[in-house]
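So, here's a batch of structures to check.
In the two complexes that follow, chain A is the common piece, with chain B as its partner first and chain C second.
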Partner chain A sequence: MKKAGLVIVLFFGGLLVYGTLDFPDWGDPTSPASLHVSPRYIEKTLEETTVPNMVTAILADYRGFDTLFETVVIFSAGLACFFLLRTRRKAPGTRHYRHRPTGIVLHIEKGGRLPDDSTEFERIDSLWVPHDLIIKATCRLIIPFIQLFALYVIAHGHHSPGGGFQGGVIFGAAFILYAVTHDLREGLQRLGERTTYAMCSIGVFIYAGVGTLCLFFRKNFLDYSALAAVLGVDPATARSHGILMVEIGVGIAVMAVMFAIYCNLSSVGKQDEGL
Partner chain B sequence: MIWQFDVVILTLVVISAIGAVTVKDLLGAVILFGAYSFMMCLLWAIMGAVDVAFTEASVGAGVSTVLFVAAVFRTTRRTRD
Partner chain C sequence: MNILVTVLLACGLIIFTGGAVGILRFPDFYSRLHPAGKLDTMGLFMSMLAAALYTLEDLSLNAVLTSIKILLILVFVFITSPTATHAIMDAGVRADLAPWTKGERGSAQ
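Here is the complex of A and B:
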């Protein structure tokens, strides 16, 4: 069976390679894509949208529908993780509390618990290892810069590589880093579960909302030049600002979805004990 | 584009891809998959698609590796096939 599978894979792989032989060469200036589509964007993008980075302009403006539904795909990935993994908080089994001064660990069974605001005891995971001071301190130092960089990537997507997706992922990674180095409960205290899911949908809502706003000014869906009157700028600059609004929406949605998926995966949907 | 870089990176891509599917230790497979993503990111950057390379570095090599590690942590580290 394994050999038959290998033969089939090799056959279709060879077919694919044979198919790619007919493609135009890499960077071929006479290929159909470089003859008609690309020159139009290369010549007109700066003039029409005042965005120097053509990739961002094409992604969020000319191909705005694509990106809208890419965001929806990410949103549904987060929802799918939620529906597959999230379980209702049943009566918890054993909880572990560590007495800070002595390091003695109490096992409290059958759902019993100590008050959460106890200063003597801290709740710990069942697979607890002592937290390394160096790792904690380094992450505390580094996380603000990661978040700042993420915001820069989102805001500077017009001029340099980057945009909502990348910035959102980096922002989510900062929260995930916090949850890994501390524990999941502390991470969830910073960014609660309800807030996370609200932000997932708010991000998509911002994107679709900016698109719908254009409809009210008698332009097409996602034609940001309609916002020129509201923003008080000329239509080309309005498109640039529209791209920024949309990217912010994408960033919020992606950030929240990444953190939501991580929380559900690492705690098997209990949002209690994590990695 | 310098063809020597291309050859080295493409070889590493193939090696880490084969390693990721054949290795028995799933955590090792995750790390190899991260290395694969990073090599792909370098390839995109060499070909001038900096935006794609950026996405690959942050999503492929960064967050998806963490998600895989979380999944391995909650399931099993050894595979039987």
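Here is the complex of A and C:
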């Protein structure tokens, strides 16, 4: 059986390699892609969308459908993580509480708990790091800058490398850093589980919603020049603004999916004690 | 100006090379982190300073902004790199990894 599988894989792999022989060479100026599509983008992008960064314009405007479904792919990755890993709390495990003045740690078995608002006891993870002052202080210093940089990457995607996906990942990394350096519960207090999943869908909704809005103005789905009347600008600038709206949606979705996947993976779906 | 940039770049490369050799040659986890943390930070300091000076060659607003951005990279690396080394070191201690002592031969992993 294994040998048969190997033969089939080799056969189809060979077919694929044989198929690539017919491809045009890298950077071949006479290939169909370089003859018809690329020159049009290179010549017309600035004129039609007023976006200096051609990659952003192609990604979010000319190939808007592609990017919409890329966002949906990321959204479904978050959903898959949720459905595969998230468990209901069945048997409550041991909880650890640390007495702040003395440093004594209490193990409480089988779902017993102390009140969460106790000033003398704090709940700690079973793998607890006692001396993390340096790391916490550094993160308090660095996280605002990470978030600012993420917003910059999203907003500046029109002019420099960047955009919704990259900015969203950086923004998600800031939340993950917070959850790693403090603990998962404190991270979830900042960005709750329900909020995270709501933001996953809101991001995709913004993208699809901007596309649908164009339909109401008698243009095609995702043809942002339809928004010119609403925004009060000429059609080319409207396309540029439409790209920005779409990128914001992508950024929100990617950020929330990153954090959701981290929470589920690090706590094996219990969202109780993380790394 | 160009001479200064070249000297700084050369110093940075020498320090980076020292760091790479140190990571390969030192006997155990903790002593390897020493070149990884220190020399990388210093090498980056030298080479980024060279890059910042190089962009300042034609003095315009854009060049000044670019070199300020490069200097910002330096500031953040100076904050984060020692913290990362500290965290890795701390993880090693908490995982009960024994440090290398003089009697042992070779790599202690």
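What we mean here is this: the second predicted complex is superposed on the first by the 241 of 275 C-alpha atoms of A that agree within 3 Å, B and C clash if a C-alpha of one lies under 4 Å from a C-alpha of the other, contacts with A are read in each partner's own complex, and residues count from 1 in each chain.
Just so it is clear, contacts are C-beta pairs under 8 Å (C-beta built on N, C-alpha and C of every residue); 3 or more make two chains touch, one makes a residue touch a chain.
All values reported here derive from a predicted model rather than from experimental measurement.
Overlaying the two complexes via chain A leaves chain B and chain C side by side, clear of any clash.
Of the two partner chains placed by the overlay, neither chain B nor chain C lies in contact with A:A33. With chain A as the common frame, chain A serves as the apex of an angle whose CA-centre rays point to chain B and chain C; its value is 40 degrees, to a multiple of 10.
Note on chain A: of its two partners chain C and chain B, the one contacting more of its residues is B. Within the superposed three-chain model, A:Y262 lies in touch with chain B and out of touch with chain C [touch as defined at top].
After overlaying the two complexes on the shared chain, residue contacts for A:G172 are found with chain B alone; chain C is out of touch.
Of the two partner chains, chain C is the only one touched by A:V129; chain B is not. In the overlay built on the shared chain, the residue A:L21 is in contact with neither chain B nor chain C. Once the two complexes are laid over each other on the shared chain, residue contacts for A:L141 go to chain C alone; chain B is not touched. Touch criterion met: A:P161 reaches chain B, while chain C stays clear of it. The minimum CA-CA separation between chain B and chain C in the overlaid arrangement is 12 Å, rounded to the whole angstrom. Partner chain A is touched in their complex by these residues of chain B: 47, 50-51, 53-55, 58-59, 62-63, 66-67, 69-71, 73-74. Contact residues of chain C toward chain A in the complex are 76, 79-80, 83, 86-87, 90, 94.
The part of chain A that touches chain C in the complex is made up of residues 129, 131, 134-135, 138, 141-142, 145. The touching residues of chain A, counted against chain B in their complex, run 26, 55-56, 59, 153, 161-163, 165-166, 169-170, 172-173, 176, 180, 258, 261-262, 265-266, 268, 274-275.
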